Structure formats: structure tokens, C-alpha cells
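In what comes next, chain A is part of two complexes: it sits with chain B in the first one and with chain C in the second one.
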Partner chain A sequence: MENSDRPNRALLLAGSLLPGVGHLLLGQRRRGTHLLLLAVGLVLVLVLRWDAFVDALSSPRLAAWLSARFLLTALAATVSFSLYDVRRSLASHEHDHSGRSPFQVARRRFAENQLAVIALYVILLMYLIAALAPILAPFDPVAIENPTETQYLAPSWQHLFGTDEFGRDLFSRALYGASVSLSIGLLAVLIAITIGTAYGAVAGFFGGLIDNVLMRVVDVVIAFPVFFLMLMLVGIFEANVVFLIVILGLTSWTGTARFIRGEVLSIKQREFIEGASAIGLPSRLIILRHIIPNAMAPVLVSAALMVGGMVAAEAGLSFLGIGIRPPTPSWGNMISQGQDALLVAWWVAFFPGTLLAITILAFNLLADGLRDALDPKTLMRKFV
Partner chain B sequence: MLLSVENLTTYFYLHEGILQAVDGLSFTVAERETVALVGESGCGKTIVALSIMNLVSQPGRIVNGKVLFDGEDLLQISPERLRQIRGGAIGLVFQEPGAALNPVFTVGHQISEVLQLHRGLTKREAESEAVRLLGDTGIPDPERRYKAYPFELSGGMRQRAVIAIATCTRPRLLIADEPTTALDVTVQADILDLLRHLQDQYQMAILLISHDLGVVAGMADRVLVMYTGKAMELAAVRDVYRDPRHPYSQGLLRSIPRLGEGRGELRRGIPGAVPDLLQLPQGCTFHPRCPIGDSSCQAEFPPLLELSHERLCACYKVNG
Partner chain C sequence: MFRYILRRLLLAIPLLLGIATITFFVLHLAPGDPMDMYLEPRLRRQMDPAVMELIREKYGLDQPVHVQYVKWLGNLATGDLGESFRYRRPVADLIAERIPYTLQLSILALLFDALIGIALGIFSAVKQYTRWDKSVTVGSLIVYSIPGFWLALMLVLVFSVNLGWFPTSQTRSLDYELLSWSGKVLDRLWHLVLPVFVLGVASAAGTARYMRNRLLEVLSEEYVLAVRARGLKERAVVLKHALRNALIPILTIYGLALPFLLGGAVLIEKVFAWPGMGLLAVEAVNGRDYPVILATSMIAAVLVVLGNLLADVGYAIADPRVSYGKQRPA
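Our next item is the complex of A and B:
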């Protein structure tokens, strides 16, 4: 047994230098295919867009510079993770003694929901493309050259999504727009979830007067007309990406805070929280280590829903001209720009609109899948 | 004296009125001694445990009394000092081992947490120590169980894990609140053996809370019989079992079935039911159910008086 293992092992390690091959040889088909596809995709980008990559490496623009670093890091991470993972599963001899956490159980259940898994892939692919936009984009998304010659060109191999009234390549603009729209969605939700979770947990855990005061503040924030606040702020400040992230994040944490408070109220009654006090854990650690992890499931679901909502909100604001301002592309202001030319050049609004719809749909499906996977009640329904 | 509870009074302020869960209770626990709190469900045993740890939460409040642990009043000291004692010098074992463990962390993680908090171990040290402690509690294959989540363990193993958490800091007092009630009989015996073994090893005192007189007989040195939040009788375990004085203690002991007893013979338990704690009878709260009680018992609750050496009883009829 020992001897026959050894050459096998060397082969596997060598194979996993090309990520995923080791897993495929070990029979872990799913993981192997994923790693292999990811690695091949990244290498293809590197090879096919070599010039753009070299430019981006030494680019003074932060987005391009980051994008090139990201590509290299992603490749390195894929290779080293693949190596590490193959070695680990060889070492443990397939017998992993560690138990399955509730989240691992949920992950397994999630994997059975094909629609949600596809949605997850779509989302991951979108973010990958958005991160690599400066390398992938064939043209400059902002610069205007020869507008008279290239204005409103229909989609073709050279301009996949056609061109707009200034002759800019819409495919490139859509890629850059993706990085703007998607990062606003994700980061605004991160802010909202972080504030909401901490706020709701504190209110629910301490209860009494603290709870009352904190929740009345939430009522006030909810009652505040966010739309007019934004109109006003845009009038005062220049609306840019960071500004939108902060504003959207700071105005949408209230829902999370409310339901986290409710979760905490019920978790607080459970005996292990009393147990945590009985072993002398300070309140701060009880909230962080014992309450919040148990309240995480609904947070994940609502976060997924919120990202879709945030992307839509950004698009709506940009469409109205109070979000991201041209020439910086975002899906919202691209659609807005396209509506004037809808009869002459349908493609200007069509492609960003489609991308927007796909993204929001994918996030909603993901949220559905997460809810089914994390909610014990839906599991029960299967058996009834 | 390791633990000295004096005139402990815990009330719950409900919409319906004031519920006197624990009312003027006093007792002591010496080093390495095992004292049992005995009584029917709802007589305030668990609230005594929570009050000692100062863990009573709204709408309950400790309105009076002292809990002197090694001379410090746990109801008066600073929150930081209290946290050091909780889980440090005093461990607490809960009735329902499934509920006492956090479902989203491994059992080992939860032991390590206490070791890091109270013994200042590093993560790695805590991990190997936790595996060792799990092994000490008789859990087979402790390395593997370390990584198990609570729902993957049986009830008995969970209770062992909870005991490991409660004793990992070598506490001087272990409060065990119905430690075997949720377990089946064979496992009960193992858990009691484990508690006795750990008591010897760590020289702990144990405050055992139970409604199971069999469990108490095998474990305790002294017994405090409680009824409606008050002490009825406090004596050495042998005295209570051989010669219970208080009519309530007598009733409790009579309700244990014995081997060799004729089939179909009715148990002469205690007539009636535990009164509503919001509407306690005047005077001695037991007198409506008491075989020897009469109108003289309705005036005031009888004082807990010493009958003979180390034997206290709260009954007008017995005390004369």
C-alpha cells in the first residue's frame, strides 16, 4: 500500500501544478473542474491581453494597476490553493474527522439547488470580469476620438456592444461600468450589514432603555426621505463612487438592524447564552462569538437580496443624473444615455440594461437558494 | 466556609404580581463538601443557582441577602471580579446539555474559549489541554470529538463536554443544576461517577440541584429540602433519609417506589399540588397539604430552628 502510493503522490503533486488536475486524478471532479477552468481562464486573459496587461502593470491609474495585481494574485492563489488542497486530502487519507458545521450542511443543501448555483457562478463571473475590466476592455472607455466616424456603430466583432454618440466602445464602457455598479452594490451592502448587525445586536442584547432609544433612532432614520437627502447632498458635493457607497450604506442598515434585533431577542433566551455568562465571558464577547454567529443565516440571505437592490438603486440614481456622472461609465448612466437614441441605436441602452437585469436576477436567485439552504423549515417541507 | 448564602431573596416582578421564587434562604457549603438542594419542580432550586452566580435576569431581581464566596459578596463585587469568578472559581453545569452548548461552534472550540479566558493559555496550548480534558471526562476518541459539533454527540457525551467546560478551570465550587435529569438511567450513573471522580481530583465542593432523591442519596453530604422558595429541612443526608422530620421531607421520601413492595399498592405521596407561587397560602406554605398541619400553622411561616446538632427544621409541629 505504502509503495504503490508514492509514485501516485508525486504524479498528483506534479499534476496539481496545473491547478485542478490533481483533484481530477483524485476523483474530486467538481473542485477539479472549477480550478482548472479558473486557471485556464486567467491564463487566457494573460496571454490574449498581454499588451494591455503590461500597460496596466505600470499604469498610473489605480484601477488598472489594481487590476493587473489582481490578475497575478488570482493566478498565484489558484495554483497554491490547488497544491495545498491536494496535499491536504492526500495527508488526511480521505478521512476527515472534523465534524460538519451547520454552515457546511447548508452548503451541501445549497449545492443541490441548480438555479442558485448557476446564479452564484454568474455573479462570481461578473465580479471577476469587473475586476479585470482595465485589462479586458479593448478600448478606452472615456476618451473620445473621431466621433463623427465611429458614432453609433451597430454591434460587430470589433465593437461587441456597438458604439455610442461619441464613438466610444460600449463593450469597454460596460466592463468598466460593471466594476462601478457591482462594487457600489457590494460595498454599500457591507457597510449596511456591518452597521445593522452591530446596532441590532446591541439593542437586542441589552434590551430595556438602550433598546428603546436605539430602535426609536431606527424609526427616525427609516422615516427620513432618503431620496431628497441624496438630491440635496448631490447638490452640495460631487457625486462619485465613494460618496454613493457611503450614502447608500448609511441609509439602508435599518432593515438589518431590525431583524437582527429580533433574532438576538430569541437567541438571548437560549441556555448557551446563559452558559456563556456563567463562564464569565464579557458581554462584548458574548455578542461577538455566541450571538452574532447564530444570527448570521438571515443576514446572509438579506445581504444577497440587498446587493441586487443596491445595484438597482445605483442604476436608478445614475439614470436620473444624481448618481455616477458621465463620462465615468456606470450601467445606470449608460442606460440613461441610451434612452435618447433608443430608436436610432437600440444597443446603447440594451446591453447595460440586460447586464443589470441579469445581475439583479442572479442576486435574487442566490438569495432564494441561500434561504432554502439555511432555513430548517424549508428542509422540513421537503419531507412533508 | 467556602460558600455562605445568607437570607437570599429573589423575586420576579410580573404583571400578575410579585413571585417569590427564593425567599430568605440561608445555607453554607464547606470546602470539598457536597450539598444537595432538593424539592419539587418550581420550588426555586434553579433560581438559587442563578442567584449565587448573580445571573438572575429581568424580570427577576435579587432583592435581599448575601452570597459570600470565600468572604466576597458576589452580589456586591465589581463586574470584572464577578466575571473572573464565574467559570473560574465557580463552574456551572446545566440541566439540558444540548441547549447549553453553542450549536455553531465545535465542542473543543468552546472548551478552548474558557481556557484562554480564564487560564490565559494560547490557542495551541488550549487546544491540547481541551483534548486532554475531554479524555479525562471519559469521552472516547477525544481528538475526534474535539472537532465535533454539539448536534453530532449523544446526550451523555454532550453532558461530559459541558462538565469539561465547567471544570476546566479547576473550580473550587461546582454548581450542578439537574446534571442527570435529561439523560437516561445508565448514562446518569456514569455522569455521577464522573462528578465524584472530578470532585476528588480537583478537591471541589459541589452544590447539587436535583429532584431525584436517588441521585442525592448517592452524592450528597448534606441536604437542603426546599418548598416554595423556602428551606424546610437542612441536615446530613443520612439523617434525612433515615429519619426525615419535616412532614414535607417525609412525604417526598414516601413517594419513592421501593423494590419488593406489593404490586398495585398505591404510593402515599403528598396530597394536592404545589401551590401557585403568586398566591401562596398564609403562614406555613405547606400546611394545606400537610398531614399534621392545623390552624396554628396559618399564622406565620415557621422559623428554621435547630432540632439537634446540625439538624434544622422549619415546622411548628416538629419543633414543638
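Our next item is the complex of A and C:
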């Protein structure tokens, strides 16, 4: 291809003005539309909720303060990524990508699974909304103004999800609830995965007595009805959000530990590990550099499944009045509130539950897609 | 066979001991004095310290933790679960009252799960890649993802509040005592419909997905090809030859599903005001009723271990390839 500066400059300019346009001009329609949509969405939020944004910028409340900064950062990141990416594709225009890494293969296969891709977008959108909740929410989620006038209003344009017994706007509460429920899910899984991976890797790598002892402990914890354990722990320690996350994480690592151990046992047999220990690499480094990265694919799948499970567990605990306590909104305690109001106001329980179900479904679909994309066996199975 | 069961039972003992130990010490890590829950602090101030000491002594709270632990274990071994702070009654009695309700719910849900789940799984596998198969697969994933307690509320809203087909909660009607014998049974069943459906439907969805994949795997094996080559009807191939082998691992899945079923039962019992063990546990946690918390956790753990054991024994009976002598990884 002729190397002329002119179209490149124009592309870069277009790209810097509006992310995604550069990609569209280059013919990368998919990536272009995504970036464009993201940028337009963020700008729309900024324009339509300008007052809330300005308030949030200097808000004394951490969530609002963070959310305003997040919005600006997200915009900046979109613009700069789009610029960087256009420049990169221009530079590598002549190269032919014939070789593919396993990661690229997996990504391509994941992209073929429409449901999983939609699920991924839903999840990203949910997290985006959760992060921007303080800016997006039209009303204060906690403050009670004059409940006699606004109590149990049915869903309308002003109150999309209706109002609750204290006359609070349920749409705003659901947005804030999203940030509570979703961040609990994600962080708890991070804890569980970290512990489980480390634990399983140590057990599998060292084997022998250590393995035996560690795995017997896992047997005990796994035999425990997890929800009872969570109930007991969260209940008697009167957990706040941080503690709830820690407890959910600490009670859910055993599955990961088990199959990481299995993976490690099989990876350990391979020659490259023998090679690594032959050149005198300390076992700590062998585990960290060689074994764990190779065992990561199934961890990713189970992590996606677990986030759904954690969100459900938090909702269940809060529903029982044990997890997140009112007035802080979480989807679970909103549904609990809805049970009391079931006869007069169906919308109180309906909307948070729908969001909850959509979120869990999206994570399950994502996990399905990841499993198919990452597991080389499924591709074979399709044709048998 | 007998030796295998015995062996598994013996192996369950250290497991339960471990669970008991964890439960006990975790509870003792909890902040606050159990006495706070036994008596309101307001009352305690007016009370004679000597009486307080007596109460402490009665519950063994005056002794160091390790002594309490050993005593508690000893009592546990003899079936003595202590006395509830809240009800001032032996915990064993409380649990004996509540556990039939939970078992009723769980066993019926398990049956529902098995019938519907396995049938749908077979159906889906036989119609692989058709529209039917896809709707079962996607539908089951959707059902699987809906939180049971919320589904319960929505069903109550539609079928109890709006249509009036089923009762909203409780285990029986107010006029239960006046009903005839058959009326009583019907009344009970009528109250069981919604809770059992909600509890069973999510796990049925899981079973359907699992069953489909297992059956497809088995159907691609060579002996199935051989059976087909002999000219058997497809119906016989699937139901007589493939199904048996596909069903075996389902047993293990049921063993493993038990903790989730019990966990789900807690929430469903709360929605339907069902006086089972789950509701007892929630009340105990909320009221800091330590002996009851300990007991319900232990019972749940025993049920789970027992469930796993049953699944494994069933597995050993169903699959001749499993040798009883060797210990299978659970």
C-alpha cells in the first residue's frame, strides 16, 4: 500500500474528535461502532446529567466523588484508546496476521457465540451503570422526604420503577443497589480465586503430606452447606459491606482450589516444568511463572460462574435481613422490602429481582461462552 | 458392599468432627458475650451477680473455651444438643419439630427435579440442535439463573394474590383441624405446590442441562453404534442402553446438589413462612441463639455428608466398574 500521510492524518483527526470514526473509516466496523456507542453514551450522560455531574465532582461522598472521576477517566480512556488503536492499525496495515496465539483463537471462538457476546455487553453495561450510579440516579436513594405524598407510586416516567413505602425512588435505589451488589460479587470472587489458586497450586505442586493435609481441609469445608456457613458468619459478626465481601470470599475458594490442584498435577508432568526445575528455578517461581498461567483458563470460567453465584448469595443473605442492611440499598434487601409490600405494590420486588436475574443469567452465559472458547475439547466434540 | 458402606461411614466421622470444630470455634470468635443474648443488658444490671454466675455455670460458659469445646463434643456424641437460649427448650426437640418440614420440602423438590430434569434432558438430547433442543437449553439456563426466593415471590403474586389458586404461605389452612382425613392430605399438598416447584425447578434446569450433555456423550460411544447396527429401534437404543449409563453420574450430582438445596430451602422457607430448619437457623442467627446455630449447622452438615454417602453407594451399586475396595475421590 502507498504510504501517504494525508489519509492517516485525517483518520487520526477524526478519531480524536469522535472515538470510533477512525475505525469505521478504516473498515473496522465492529470495533468502530462499539467505541462510537461508548463515547456517545458517556457524552450523553455528561450532557444530560450535567448538574448531577458537577455536584458529584465536589461531593463529600466517596461514591459520588469517584463516580465523577470515573466518568472523566472513561471518556479520556475511550478517546486515547481509539487514537492509539487507529495509529496501530495504520502502522501494521501491511503485515499479514497469519499466525495466531491461543488467546486470539479463543477470542475468535468466543466472538462466534452470539449469546455469550451479548451477555458480555450486558455485564459491561451493568458495571458501567453501577459505577455511574451517583450521576445517573435522578433522586437520592436514601433520603426520605414526604412519604405521605410519594408512598407506593406505580412506575411512571418520573419514577421508572415506582416508589417504596418511604416514597423513595426505586430506580435510583436500584442503580445504587447495582453498585453494591455487583462490586460485592466481583470482589468476593477475586478473593476466592486468589486463595483457591494459591492453595491448590501449593497442594498440587508439593504433593505428599502437604497435599494430603491441605486437601482434607478442603473436604471438610466443601462438605459444609455453604449458605449455612455464610448465614452463620455474616449473621453473628453483623457484617458490614467489607466484611461481607471477605466472608463470601473465604467460604467459596474450595472449588477453585480443587481443580487448580488437579490442573497442577497434570501440568507438573509436562516436560517444560521438568526443564524449569532442571535449570534450578526455585519452586515459588515455577508455580508463579509456569504452572499458574497454564492453569488459568478453567479458573476464568469458574470465576464467571462464581460472580453470578456471589451476587445471588449476597441477595439471598440481604433478603433474610442478614447481609446488607437498610437503608443502604442492595437488590436483595429491596426484594425483601418488596415482600412486605407484595399486596399493595408489586413493583418494589419486581424490578430489583429482574435486574438480579438478568445479571446472573449474563454471567452464566458468559461462563458457557468462555468454556466453549477456552476448552479445545468442545470444538472436537461438535463434529463427533 | 457392606464393607464399602462401613468404610465410607467411618471416613465421614473425621469429616463431621472437622465441621463441628470449625463451627464451634468460629462461633466463639464472634464478638460479644452469649449472655447478652440470654438476658437483656437492662435486666442484667438489676440482677444479682451470683445468679448470673449460676446461669453461666449452667451453660458451662464459665469454663475456658477448650473445656467447653470438649464438653460440647461429648454432648454432641450422645445426641445432646443443649438448650435454646430463646425458647428455653432442648434444641433436639426444636429440631425434631422442624426437620420433617424441611425434609418434606427437599425430598419432594428432589423428586420433581429428577422427574422433570431427566425427562427434559433426554428430550433435549434426542432432538439435538433442533429448535426444541435450543429452547430447552436456553430456557433451562434462564430458569437456573432466576433467584429462587424472588421467583417464589413472583409466583405468589400471580398464582396466590391475583389468581387465588394457591395459598400465599404456611403449611396448612386455618380450618385444617376440621377437615376430613383426605381433606387434610389434600390441604397439605395444596400448600406444598408452590414451595416445592420453586425449590425444584432451578435444580431441574441444572439436571436437564447435565443430563443432555451426558446422554449425548454416551450416544456417541461405540457400543451404542453396535446396538444401532443390530437394528434396534432408536427408542430402545436411547431408553434401554444409553440412558442407564448416562444416569449414573447424575447420582453424584444429586449428592453434590444437596448443600445448595438446603441453602435454597432456607430462603424458600422464609418466603412461605415454612416452619422448617432453615427458618429456625435464620431466627437463631438473628437472635444469637448459639446452641441452635451450632445444632442447625451440624445437622445440615450431617445431611450433606449423608447425601454424598448415599450418592456414592448408589454409584457403586449402579456402576459395576466401581470397585468397593478402593476409595473413590468424593
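Annotations
We take it that the second predicted complex is superposed on the first by the 347 of 384 C-alpha atoms of A that agree within 3 Å, B and C clash if a C-alpha of one lies under 4 Å from a C-alpha of the other, contacts with A are read in each partner's own complex, and residues count from 1 in each chain.
Throughout what follows, a contact is a pair of C-beta atoms (placed from the backbone, for glycine too) under 8 Å apart; a residue touches a chain by one contact, two chains touch by 3 or more.
Keep in mind that what you see is a predicted model, and the values were worked out from it rather than measured.
Of the two partner chains placed around the shared chain by superposition, neither chain B nor chain C is touched by A:77. In the superposed model, A:103 makes contact with chain B only, not with chain C. More residues of chain A are in touch with C than with the other of chain B and chain C. Using the contact criterion defined above for the overlaid structures, shared-chain residue A:361 touches chain C, although it does not reach chain B. In the superposition on chain A, A:277 makes contact with chain B only, not with chain C. In the superposed pair of complexes, A:44 makes contact with neither chain B nor chain C. Once the two complexes are overlaid on the shared chain, A:293 sits against chain B while remaining clear of chain C. In the overlay built on the shared chain, the residue A:207 is in contact with chain B alone; chain C does not reach it. In the superposition on chain A, no chain A position is in contact with chain B in one complex as well as with chain C in the other.
Within the complex formed with chain C, the chain A residues making contact are 115, 216-217, 219-221, 223-229, 231-233, 235-238, 308, 312, 315-316, 319-322, 335, 338-339, 342-343, 346, 349-350, 353, 356-357, 360-361, 364-365, 368, 384.
Chain B makes touch with chain A in their complex at residues 50, 53, 55, 58, 82-88, 91-92, 94, 96, 99-106, 113-114, 117-118, 143-144, 147-149, 151-152, 162, 165-166.
Across the complex, chain B is touched by residues 97-103, 207-208, 270-272, 274-282, 289-290, 293-294, 296 of chain A.
By the touch rule above, chain C contacts chain A in their complex via residues 14-15, 18-19, 22-23, 26-27, 30-31, 138, 141-142, 144-147, 149-150, 153-154, 156-157, 161, 220, 258-260, 262-264, 266-267, 270-271, 281-282, 285-286, 288, 293, 296-297, 300-301, 303-305, 308, 330.
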